[in-house]
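In what comes next, subunit A is part of two complexes: it sits with subunit B in the first one and with subunit C in the second one.
Now for the complex of A and B:
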């Protein structure tokens, strides 16, 4: 057997997958050509997290980090770095602020502020090889739980750890398991919620793609704790790569005797099936998810009875989110005390966020609880691009709210975030700059919620639609006095009377933007003006002669030939020809169009 | 055109009939069956709903109720080049809705519709998970990142040119034979 001296960990996550297969192909050819195929191994990993720089590659064991690799760069990497030992500097990461070149991954600020627990294996293992996972202590937690611990001890350890549900609501995981373990019955179910529906959130997908076995191991431990023999993973059908890797992982775990009958010779039986969700946001709600697995419309039902008593097919059931389950193996292996050593009084461990929007470093980050939002946005995220001003960061998607500049120093903590009107949520974190219209953001989320409302209860079905109508009117310049008060009253009624979490939290984006950006609503309603220049109906499509640099960029790109311009002259938009396509706004670098 | 669709549907229904029997007659299999139909044929024809209801021995309205509840299922054949415009939060912040509007205007159809020549269809999707590339549009299987209003026309033009090229090649090949 030949000895592999170098491993090329090439990211194959969804963000990089548009380009990385082409890069891989050239690598294979070049390694072959230089006679290195035996010594250098290419490994396609799950999401590395630094999606902005994709496709990225880590060269192990030296830890050199290459970014934005193009197929044409590959021959140089192979020849210079792998053959002659001279890393290719032009592909190193450059810190935008200091313009300093950083060769290794651990020194890049994006990575150095993070604390990896759930994502400890990301980019380091081949997610399709179970041995890679086992080599990193994989399934040791399950072995300990099955061979050395009683169900009561497992639950006790979980309670000590202080782990709370990472799906957003933050219910203590140990308690949930305890309820289900005390429910009478021989048939119980363990469900994994991988129906990540929040637009702008991709944490669970990346965990499943990078480390699927961690989730399976968490489910095995959960099954042991409540004495269940059957589990389902409810996964979004829009995540084909995650589903493929899970399928492979389940198959390999069965072959190794880690799933199926008599696991590790302990006499304990447990198996897992994947159920592909068909795309309904409300199915992230636990009772709706269970109806969906039963083949019905995914509509929630009132609780109690809670799923721990009557869940899937009326049997006691626990439902945990992907990230929650991926935490479990390490808690069992290292102990609850170890886990709770990181975090705040009420929020323990780490949290994974999908950082996106108007921020330099878009990607997946895992941080210890208690870190400030400012550190995440400005140190890890690298601040706002194009020298624009920070406006707010949105947490928790359609159920959440936004945090403006003045509250950016609050720590990541379930209670502290709730105090400023947002929620921890499942981990979507969208940064917004000065060009984001907050009324439009509220309208965007309300459009989503009213579309995804299942229609069972009136406050949500009718109420969210009325909210959207008002917001649409405001954005179209037809707002009238009293609209803001109507929004507030309607929102509070929906919050109080809706049946499930979707409706109860649905008005949050409206309330939160009203709380911090009421002046923007007022500008829309009373002055018929969108301060962020985002609401098309409120734009005049005129050119400010003082700001116009007379460059003619708008003229050249206008698809409707609605702009007249001559050299050294201010451009003019002819309104009768203008189709309001926004191309001129995109092309004008001087903000001269309003 | 309609006749063409009808003959196509007859073939599709036969195919569905032959695949139904691989599923056990369980209520829990309803969604997997609908997913199988959608995966094989890209949409669920009206008559297929009746077939599934008969097979599972449940009312047609229940099958219809489930099929219309979930976003995954569509009831019209998509275009040869299905365009999906991402309207997740990150794409919205970077003006994904304006990209959608530009596609709609260029192709003269609304989202959820297919052009009369069945070449293009437009759909909006909620987050495809490439937020770093926002705003994103997907044509067929190809992800197009960092979209801008000015890129929409060029993208459509490129597809048309590509297609004409392929047709010409086909002609030359058959001409050589």
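Now for the complex of A and C:
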């Protein structure tokens, strides 16, 4: 029997797997050719988190981290590194700020500031192999809950942990379970919300892809706490890889008797089914989600009654987010005290964020509560690309708000974030640089909300459409005095009267941009000017001779041949030929076009 | 596989952890085979293969095998370094399959430095 000396942990998350199968194929061939197939093993892992550098691979046990691997790089890695022991430097990570080359994963700032709890298995296990999960203490939390604890003790432990729902609202998980456990009835349900509809959010997808068993185990423990025997995972159809891995995980858990009847010989029965949702944002709302599972049109209903009393098919139900559930096994195994050892007064544990937008290190990060937003954007995220200035970061997607520079030092904490007009949300974190027009940004989210409104209640159906009309007008240069006041009044009416969270939070992006960037709205309306130079209708398409460096970049890139330029001369845009495509704006490094 | 009991779960964990020691915690013992072009020409591949065979038979989970580059002492290749936590690393020179077996059985497993072919300590 021979042994494996090196493992290649190749990322098979959604981002990397666009090209990682091709890389894997060449690895298999090259390892064979060099006679290393017996000593070196390839393991396909879930999302590593550093998606912007994909495909990425970690070589264990050395911890060497390779990024942007192309199939043609593979022979060199195999021959130089795996055979001769000389890591291939040109594929190392280069820190954008210092331009320093960093060979090992743990020294890269993107990873070193993180704290992995929910994602502790990412890149370490093969998500399609249940034994890998068990090796990392998997299902020992469930075993403890079923064998050694009463439902009351489980709930007590959850309350001590201080875990709050990661789906956005931040409701204490232990309390939610307690309500459902006290509701009378023999039939109860445990639901997992894997609908993840916020634009720019991919935390839950990645957790499911990297560690599906953690979510199943969390559901088993929840089921025991409220004495439920049936669970559903509501996952959007647009997540094929997550659904595939969940399906495999459920199958493997059933084969081991970790789902089904008499789990681990304890006499407790629980099974899980996946329900594929069609990808409507509103179906992430709890009452709409339950109607959708019932086979009806996904529309919310007023609460109370709350799901803990009357949920799915009118039975007591708990609904928890993917990340919430993935925290549960470790809380049971290590204790609530352990869990609450990290965080702030009211926000315990870690939070996963999907970092995207104008930031160097786009990807998935897990940080301890209490860390500052500035650390996330500038240290983990590596700052803003192209030497641009930071403008704001949007938290919580279309239900949330933006945090500008002056508040960037606030900690990640439900209450502190709410104070500055944003929300913790489910983990979407979109960084915006100086070239982002905040009116346009609010318009984008309102377009989304208006489109996703289910139409059941008037304030949301009509109100969001009116808000969008006003924002569209402002961006088109047709804003008029009174628009800002109308936006504010409409927003507050919608927030107060809409039926569900979608409408109640929908105006948030408008209100928060008005709070911090009112001057941009005013410039659009009163001066017919877009300070960020994003709104096409407000641009003149002229060149400022004082700023023009006479480089000719605009001339060379103009697809309409609308620009005239000669060496050492200021370029000129011929308005009759210009198609307003914005190419020259993007190419001009000097901001000379206005 | 039938239904698991908690005992079975522990067994699976034990077996699966062995497979995974490479990925998480580092082993206490590191055996480095220097596999530069010179080392390979002098027979480092064979040394590595022997080491892997021995490792497979030993069923010892705390040993890490690393292929590394040339030490700069090409004339004494193949070179192998044995690093045991808390002890000074020992470099062995002119290794071959037989010497590797001896070093593995005596030094790596039992901690007895094989001074006959040791080039240097640390």
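By definition in this document, the second predicted complex is superposed on the first by the 592 of 594 C-alpha atoms of A that agree within 3 Å, B and C clash if a C-alpha of one lies under 4 Å from a C-alpha of the other, contacts with A are read in each partner's own complex, and residues count from 1 in each chain.
We take it that contacts are C-beta pairs under 8 Å (C-beta built on N, C-alpha and C of every residue); 3 or more make two chains touch, one makes a residue touch a chain.
Computed from a predicted structure; not experimentally measured.
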Legend entry - Partner contacting more residues of subunit A (subunit B vs subunit C): B
Legend entry - subunit B versus subunit C as contact partner of A:448, first or second or both or neither: first
Legend entry - Touching partner for A:4 - first (subunit B), second (subunit C), both, neither: second
Legend entry - Which superposed partner A:84 touches (first subunit B, second subunit C, both, neither): second
Inset, instruction - Report for A:161: first if it touches subunit B alone, second if subunit C alone, otherwise both or neither. - result: neither
Inset, instruction - Return first, second, both or neither, reflecting whether A:582 touches subunit B, subunit C, both chains, or no partner chain. - result: first
Inset, instruction - Using the superposition on chain A described above, determine whether A:513 touches subunit B (first), subunit C (second), both, or neither. - result: neither
Legend entry - Touched partner set for A:256, first subunit B, second subunit C, both or neither: second
Inset, instruction - Pick out the shared contact residues on subunit A: the ones touching subunit B in one complex and subunit C in the other. - result: none
Inset, instruction - Going by the contact rule at the top, pick out the subunit A residues touching subunit B in the complex. - result: 14-15, 18, 51-52, 54, 197-202, 205, 237-239, 276-281, 292-298, 354, 356-358, 362-363, 394, 397, 428, 430, 432, 436, 441, 444-445, 448, 454, 534, 536, 557, 559, 579, 581-583, 586-587
Inset, instruction - State the interface residues of subunit C toward subunit A in the complex, per the touch definition above. - result: 1-6, 9, 12-13, 15-17, 19-20, 22-24, 26-27, 32-37, 39-40, 45, 48, 52-53, 55-57, 64-69
Inset, instruction - Mind listing the subunit A positions that touch subunit C in their complex? - result: 1-7, 9, 35, 38-39, 43, 60-62, 81-86, 124-125, 131-132, 134-137, 139-140, 143, 147, 255-258, 262, 264-265
Legend entry - Residue ranges of subunit B in contact with subunit A within the complex: 26-32, 34-35, 65-66, 69-73, 87-90, 92-95, 97-98, 101-102, 105, 125-134, 142-143, 145, 148-150, 153
